[in-house]
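Below, each structure is written out as C-alpha cells.
Both complexes below contain chain A, partnered by chain B and then by chain C.
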Partner chain A sequence: MTILKVDNLSKKFGGLNAVKNVSFSVGKGEILGLIGPNGAGKTTCFNMIAGVFSQSEGKIIFEGKEINGNPPYVLNNRGLARTFQIVKPLAKLSVFDNLMVACLSKSKNIKDARKKAKEVITKTNLEELKNTTAGSLSIGNLKRLEVARALATDPTLLLMDEPMGGLTPSEVDGSIQLIKDINKEGVTIVLVEHIMKAVMAVSDSIIVLQNGSLISKGEPNDVVNDKNVIKAYLGDEYVKS
Partner chain B sequence: MVQTLFDGLMIGGVYAIIALGLTLIFGVMRVINMAHGEFVMIGMFVSYFLFTSIGLDPFISIIISAPACFLVGYLLYRFFVEKAKEGGEENTLLLTAGASIFLINFMALPFLLGPNFSRLTGDNLFWQNNVLNIGSVSFNSALLMGFFVTGILICLLHLFLTKTDIGLAMRASAQEPQAAQIVGINVSSISGLTFGLGAAFAGVAGSILATTYPIYASIGSLYLVKSFIIVVLGGMGSIPGAAIGGLILGVTESFGATYIPGGTGYRDVFGLIIFLIVLLYRPQGLFGKGV
Partner chain C sequence: MKPVIYVMIVTGIIAVIVPLFADLYLYSILTTVLIWIMLGQAWNLLGGFTGQISFGHAMFLAIGAYSSMIITNSLNLDMILTLLVGGLFAGLFSFPLGLLIFRLKGPYFALATLAFAEILHIVARNWKGLTNGGEGMMLSNNATFLGIEIFSNDEYFFVALLLAAIVSLSCYYLMKTKAGYSFIAIRENQDAAEAMGINSTRTKSTALFFSAFLAGVAGGFYGLYNKFIDPEMTLTVHMSAEMIFVTVLGGIGTILGPVIGSTILITLQEYLKEVPMFQSFSSLYLVIYGLFIMIIIVYLPGGIIDGIKKIRQYFSKGGDESDYSKSG
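Let's look at the complex of A and B:
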C-alpha cells in the first residue's frame, strides 16, 4: 500500500528549476533513500512534501489524499513529520521541554504529553540529558533530539534530512540502529543522506536526483551500480571500494 | 528621597505592564508594534466610558478593557499584520504605524474621545486624590494598586509561559517558528494570541492610568516612547528585562523631576537620556533578548 505518492513534482525559484518533474512513491512501512549531489533538489523536495514550499507543478498524495498547499502544522497533525538538515532545536528549552512542545500538539492534556515525552526520551537514549538546555548539546545529541522531537508527534511518515551529517562513525552506527528501530515500529521513512554505508544499510529502495531531475530509482544494489549514478554522484572509487 | 524612590517605583510598575506587552509581541513575532501605545489609550477610553456611563470603577473595568484590547489586537494581527509580515519587518513597522494614526484619529471623533482632554472626576471615584500614608511615605492609592496588579500580572504571565501548553507553544514559536510548525503548532494562531495578549497588557495599564492621568486620543504616543526605552533598556524580547526596565525608568524620571532644577517639565527627557546611554554602551540591554 502506497503511503506517499509524488507525481511530476516541479519547483521553480525565478528562472531556476530546482526540481523538475520528479515522480516516486513510497510503500507503507518502507525506507526510501533519497540521494544525490549537493544542490540536486533533495531538501527542496522535502520542503514541498512537508508543506514549507508550495510546488510549481505536480501533485503530492499522502495516505490517499492530495496535500498540496497544506501548511506544515496541518500535515504534522495528519502524521507527517520531518527533521532538518541544519538542526533547529528550541535552544533555550530543556531537552524534555523540546519534546513536550511536540507532544502537546497531539496529546489531550499535559499529563498525557509528559508520559509520551518520557517514552520518546527513553526510546532515543536521551534520558541523561533530559534537563540539559538544548542549545548546549553536542551535534550528535542535537541530531538525536531532532529525531526524538519528530517521533514525539507520532508520525506515520518521517522525512529525515541528513540525520547523520557531522556525526562520528560510532554515532553513525547508533543512528542507523535508531532508524531501523523506528521503522520496525511501523513508521515509513524517507531518508536523505550522503553516508552511503547508512543508506545501503537501511533502505528498501533508493531514488537519485541530479540537477533537480530523477536519474535512477530501484533496489539499492541496482541503483549503486547504475552508470548514471556512479558518474553523477558516487564516483568510481565507490564501486572499487 | 525615599518618597521620590517610591513615587518612581509606583509609576514604573505601570510602565512595566505596557512594556511587557510590547516585548512579548517583539519576542514572539519580531514585530515592532508602533500602535502599542494606542492600546493604552483604548484601555483608558474603555474605563472612561464605563465610569462616566455606568459609574464602574476603573480597576473593575479592567475585566472589560483587557478583553477589548485583546480582541482589537487579535483582529489587527490576523487581518493586517500577518499579511504584512510576509513582506518583511519594514512592512509591519509601517503597517502598525498606519494603524496607530488611524486609531488616534478614529478615537478623536466627537462621539468617542473627541479632540479635547478628558479626565475621570466625581465623588464616586474612589481613587481620586486618595493617598495612603505608610510611615513617612505617601502613596497614590491608584498607582499603588496598579503596582500590585503589575506584580500579579508578571507572575501570571510567567506561569502562563512556563506551565501551560499555549505558553510553551508561544516560547517554541518565538525561538524556531519553522520547527514549531513542523511539530504541529499553528504558529499563525499563536502569533495572533500573542499580539492580542500584548495589547491586553497595554489595555490593563490604560485602565490603571485612567484613574490618575488625562485621557486623549494621542496619549498613546507618550507611552509608546516610554515602552521603547524600557524594552531597549531591559533587552528586546526579555520579560524580566521589561519588568525591571519599567521600574528603572519610573525611578529615573522621579529622581530627575525632583532633584534637577526645573526637572518636572523635562520628566520625559530623562528616560531618553537612559535610552541613548544604553544604545551606546549596552545595546543588547540589561537582560539580552528572548522570551
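Let's look at the complex of A and C:
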C-alpha cells in the first residue's frame, strides 16, 4: 500500500528549476533513501512534501489525499513529521520540555503528554540528558532530539533530512539502529542522507536526484551500480563501459 | 508548596503588615507597583513567553481604562464586571489587530504595534464624543468592589493586591497548559513549532488576546484608581516602554520577573523624585533611572531573576527535573 505518492513534482525559484518533474512513491512501512550530490534538489523536494514550500507543478498525495499547499502544522497533525537538516531545537528549554511541546500537539492533557514524553525519551536514549538545556547539547544529541521530537508527534511518515550529518562514526551506528527501531514500529521513513553506509544499511529502496531531476530509482544494490549514479557522483571516467 | 497557596500566604502577609505602618503616600506607591505588576505580566505573555515584542501595549491599557471609566460613569457596574468588560474589549480589539500585524516579524512587528498605539492616541485625542479628547475624562461615580464602595488609596491598595495576585497566578497556570507550551515553542523556533503541529498564527493570536485582556483589566483599574484619564496618561510610548522595562529588568519570560521589576523600578522612580538634588531639575531623575536600567540590561540580560539564579548556581551545583515555568 502506498503511503506517499509524488507525481511530476517541480519547483522553480525565479529562473532556477530546483526540482524537475520528479515522481516516486513510498510504500507503507518502507524506508526510502533520497540521495544525490549537493544542490541536487533533495531538501527542496523534502520541503515541498513537508509543506514548507508550495510546488510549482505536480501533486503530492499522502495517505490517498492530495496535500498540496497544506502548511506544516496541518501535515503534522495528519501524521507527517520531519526533522531538519540544520537542527532547530527549542534552545532554552530542556530536552524533556522540547518533547513535551511535541507530545502536547497530540495528547489530551499535560499528564498524557508527560507520560508520552517519558516513553520517547527512553526509546531515543535521551534519559540522561532530559534536564539538559537543548541549546547546550552536542550535535549528535541535537540530531537525536530532532528525531525524538518528530517521533513524539506519533507520525505514520517520518521525513529525515540528513540525521547523521556531523556525527562521529559511533554516533552514525547508533543513528542507524535508531532508524531501524523506528521503522520496526511501523513508521514509514524517507531519508535524505549523504553517508552512503547508512543509506545502504537501512533503505528498502533508493531514489537519486541530480540537478533537480530523478536519475535513478530501485533497490540499493542496483542503484549504486547504476551508470547514471556513478557518473553523477564520480564523473564519466569512473563509468565502466 | 503549591504556587496558589504560596501566593495566598504572601498576599495575606502583605495585607496584614502594610496597614501597620503605611500612610496614604505609601499606599499610593504600593498600588502603583501592583498596577505595573499586572501590566508587566500582561506584556510578558506576548513579549516574554511568546517572543512577540510589542512597543504599543499601551493601546490595550487605554482601551481598558476608557471602557472602565465610561462603564462606571454611565452604568456604575461593580468593578469586577467593569474590569472584565474593559479587558474583553481590549482582547476583542486584538483579533483584527493580530490579523494585520502577525504577517510581520521581529522589528517590523514591534514597529507595527507602536504605529497602532499612535493611531489610537490620535483617535483618543480627536474623538471627543467618546473620550473627551485631550481634556480627559473624570470618574464621576465612586467605584464599588463586590458591592463595597471604594475611594481612598488604602481601599484601592487592597483591591490591587488581590488583582495582582490573581493576574500573576493566572499567567503562571496559563503557562502550564498546552497553550503555554505552544507560546514558548513559537518564541524559541517558529519553524520547529509548526513542524510539531502547532498553528503559529492561532497561537500568537491566543497569546495576544490574553495579553491584551490582562492589559485591559490592569488599564481599567489604573483609570479608576487615578479617577481621571487622558490620552497622555494612557497612550504614550512611555507607558508601553515602562511595561517592557519592568519585565526585562525583573526577568523576561518569567512569572516573577514583572513582580521584581515593578517593585524595584517604581520604588526607585518614586525615591528619585523625592531626592532634593533632582527636584531642582524636574527630569534629572529619569537620567539616573535610565542609567540603572541600562546597567541591568548590559550586565544581567536575563534580568534580576537571572542574576539570582546565577548566584544560587554558584553556591550550590545541582539540579532537579527541568521545567521552563519553574524559572520564575
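Note that in this section the second predicted complex is superposed on the first by the 233 of 241 C-alpha atoms of A that agree within 3 Å, B and C clash if a C-alpha of one lies under 4 Å from a C-alpha of the other, contacts with A are read in each partner's own complex, and residues count from 1 in each chain.
Convention: contacts are C-beta pairs under 8 Å (C-beta built on N, C-alpha and C of every residue); 3 or more make two chains touch, one makes a residue touch a chain.
Please read all numbers here as calculations on a predicted model, not as lab measurements.
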{"item": "Clash or fit (per the criteria above) of chain B with chain C on chain A", "value": "clash"}
{"item": "Partner chain in contact with A:N76 - chain B first, chain C second, else both or neither", "value": "both"}
{"item": "Chain B versus chain C as contact partner of A:K106, first or second or both or neither", "value": "both"}
{"item": "First (chain B), second (chain C), both or neither touched by A:K130", "value": "second"}
{"item": "Touched partner set for A:V187, first chain B, second chain C, both or neither", "value": "neither"}
{"item": "Touching partner for A:I176 - first (chain B), second (chain C), both, neither", "value": "neither"}
{"item": "Contacts of A:A91 with chain B and chain C, given as first, second, both or neither", "value": "both"}
{"item": "Residues of chain A that lie at the interface with chain B and also at the interface with chain C", "value": "50, 52, 71-73, 76-77, 81-82, 84, 88-93, 97, 100-102, 104-106, 110, 113, 149-150, 152-153"}
{"item": "Interfacial residue positions of chain C with respect to chain A in the complex", "value": "176-178, 181-182, 184-185, 188-189, 191-200, 319-324"}
{"item": "For the chain A and chain B complex, residues of the former touching the latter", "value": "50, 52, 71-73, 76-77, 81-82, 84, 88-93, 97, 100-102, 104-106, 110, 113, 149-150, 152-153"}
{"item": "Interface residues, chain B side, partner chain A - complex", "value": "165, 168-169, 171-172, 175-176, 178-187, 290"}
{"item": "Residue ranges of chain A in contact with chain C within the complex", "value": "50, 52, 71-73, 76-77, 81-82, 84, 88-94, 96-97, 100-102, 104-106, 109-110, 113, 130-133, 149-150, 152-153"}
